[in-house]
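Got some structures for you, see below.
There are two complexes below, and they share chain A, which is joined by chain B in the first and by chain C in the second.
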Partner chain A sequence: MIRLPLLPTVIKNLFKRPATNPFPKTEPVPTPEGFRGKIVYNVEKCVGCRMCVTVCPAGVFIYLPEIRKVTLWTGRCVFCKQCVDVCPTGALQMSDEFLLASYDKYDGKFIYLTPEEAEEIKKKQEELKKAKKKSQ
Partner chain B sequence: MGEKEEIVLNAIRDRFPDVEVNVKENKWGRKRIWVNVPREKFREFIKFLKELDEDAHYSIGIEEDAGETLDFSIHFLLFYDTSPGVSMIVKTSVPKNDPTLPDISDIFPISLQFEREAMEMVGIDFKGAPDKRRLFLPDDFPEGIYPLRHDEKGIPENMVKNAGHPYLLRREGK
Partner chain C sequence: MKIAYALLGLILLYIYVSIISLLFSGIDRKLVARMQRRIGPPILQPFYDFLKLMSKETIIPSTANFMFKAAPVLMLATVIALLAYTPVGFPPLFATKGDIIVFIYLLTLADFFLILGIISSGNPYGRIGAAREVAMLVSREPAMMLGVFAVMWGISKLNVEKPFSLSSLYEHNIWELGPMAWIAAVVLIYVFLAWLASEIEVGFFNIPEAEEEIAEGTLVEYSGRYLGIIKLAESIKEFIAASLVVAVLFPWQLNMSGIEGYILNLVIHTLKVFVVLLVSKTIFRTVTGRLRITQAINVLWTRVFAASVVGALLLAMGVML
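Here is the complex of A and B:
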């Protein structure tokens, strides 16, 4: 005799609603608290201690010694949150953002602090230094 | 606990009085026997282990480059019919100018896989191994380069590839 033990379950399930989330038409499944999404970098808060460079397993960070900041390419990030835990000033934070598909791996949304922005910060810092010297 | 270690230690001292034996204990009270065997006695020692406990379990063979020498250690588990078994590490060192060891795959058949790995990764030659093909490295990998060596026979600088960071790429004007 052929045994079909799943048949009653299948017939029962035919009269139930689908348990799916039709994503583009609806909101995605909400993220839980403490979700590890894309990194958010606050350049002002950064003091250039290089802890994130030491701790990152994926080579996301590059230290820029002339302005004492770091540049990020989150295209390589593995979302381990170690840089966030180690950052002493809270300049790095995890966001809820997880829809990160892109056509270009060097897309602007993956990069914090481009060379042009670094130049700008350098100029600003030099101006600040001059102002300080004048006031003294 | 600890009686089994005594049995093994006494057996080793009876048969190999001049072999270096240490017992270390970790902070959770787990004991492990570390044995340093000269390579002349390596095969004899493994045979002795098999005679001591027929069900001796070969866990892993570890090869490493220890500067002056190449080390090959084997982790055995003995008398494991009641928990905890006797954990034991048998270590041999071979000089770099003559890196040969006797093959033990007729005593512990699984050791052949670890020997093949050791042959390609640090270049220890196991004399009499029935199979000397490569195990993990691709076929087009150059001969005479051993990836886990720290010296000039290790991977040369030009074989190391880095996919690059966009900040550095832009700086160079690419």
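Here is the complex of A and C:
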């Protein structure tokens, strides 16, 4: 005699609603508190202490000594949040964003502080220095 | 003239059955999904799959010989030819005395062509699948043959026009043979549902195509157009096998003359086929896993064939007494 222990469950399931989330038609499953999404980098707050460069296991950060900031490519990020915990000024934060698919791995949304932006910051800093010298 | 009409009927039947059988597999997938609390693909998904397979690149392995390309076409041709001998609510188009032999022959031939195509591919995984397919084929058919022959023999005692033809099933049926035959019929329902499950290889008997066990088994090397043809032929074969079960066990039809009578009976038959496939395919494959090949063959000989012998003997006793 064969036993079919699943049969009652299966028949019951047939008359229940599907327990799924039809994503593109609806909102995705909400992220929990403290979710580790894409890094958000605030250039203004950065003081260039290089703690994030030391602590990052994936080599996301590159220190730019000329302007004393870091540039980062989150394409490599492993979402461990160590840079956020170690950042003394709170320039690095975790966001809720997790839909990060892209056709291009060097897409603009993965890169903070492009070389052009770095140039601009460099110019601004030099202007500031000149202004300070003049005022002295 | 009569042959021309029969050919026209065969073409129409082929179109109808290929649409309906693909639709059935879509409904089957949807129901299985709902039984597992999923939403499932749209019901027309098998049609999209078929069109996609037809437009994909077809890759022929360098080790394959010409039977690899010929086998899917021959399989589909066999299945289409089989449609001419299938009872689909009205007697088969080419019904003659003893056409049950042709029916069983063509039904197994389709599987043999598939096996031939697989072993021509040169892939050892495919050969393992083919060897298992042969073992299943040999084990499952005797039970069905004994059941069908017993029923037809019982019916032929009631003075039918064409004894041992599938058309005789519409003149008299197993339920007219007395109380002893009713018990036999219940046993035969079990035999035929088990045979159907092993014929379309679902549930316990999903062995030759076992994805997790031997890498897709019989269908490893097929891709593109040939895979599409094989899938279509298999789903038509599914409809035909279920049609046989329906015709042998539940052949109740409306008595209506004219073309609308044929169409109405075809629709009723289709609904009955759907119910039989629902039990034997959809529910069976959702609630059970696969057996090993040795266990499956053991089940087919000791449970199904033995039940078939018991059913046939009961039926014979019912007819004789």
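Here is the rule we use: the second predicted complex is superposed on the first by the 136 of 136 C-alpha atoms of A that agree within 3 Å, B and C clash if a C-alpha of one lies under 4 Å from a C-alpha of the other, contacts with A are read in each partner's own complex, and residues count from 1 in each chain.
Methods note: contacts are C-beta pairs under 8 Å (C-beta built on N, C-alpha and C of every residue); 3 or more make two chains touch, one makes a residue touch a chain.
These numbers come from a predicted model, not from an experiment.
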- prompt: On chain A, do chain B and chain C fit together or clash when superposed?
  reply: fit
Message: Which partner chains sit in contact with A:62 here, chain B, chain C, both or neither? Use first/second/both/neither.
response: first
Task: Considering only the touch criterion stated at the top, classify A:32 as touching first (chain B), second (chain C), both, or neither.
output: neither
Message: Touch test for A:24: chain B only (first), chain C only (second), both, or neither?
response: neither
- prompt: Does the superposition put A:14 against chain B (first), chain C (second), both, or neither?
  reply: second
- request: Mind working out whether A:88 is in touch with chain B, chain C, both or neither, as first, second, both or neither?
  value: neither
- prompt: Looking at the overlay, what does A:71 touch: chain B (first), chain C (second), both, or neither?
  reply: first
Task: From the overlay on chain A, compute the angle at chain A's CA centre subtended by chain B and chain C, rounding to the nearest 10 degrees.
output: 80
- request: Spot which of chain B and chain C makes contact with more residues of chain A, would you?
  value: C
- prompt: Which of the two partners, first being chain B and second being chain C, lies in contact with A:108: first, second, both, or neither?
  reply: neither
Task: Check the superposed model and tell me the shortest C-alpha distance between chain B and chain C, rounded to whole Å.
output: 26
Message: Could you list, by residue number, the parts of chain A that touch chain C in their complex?
response: 2, 4, 6-7, 10-11, 13-14, 16-20, 22
Chain C to chain A touching residues, read off their complex: 31, 33-40, 283, 286-288
- prompt: Taking the complex as given, what residues does chain A use to touch chain B?
  reply: 59, 62, 71, 73, 75, 106, 111, 113-115
Query: So in the complex, which bits of chain B are touching chain A?
result: 165-168, 170-171
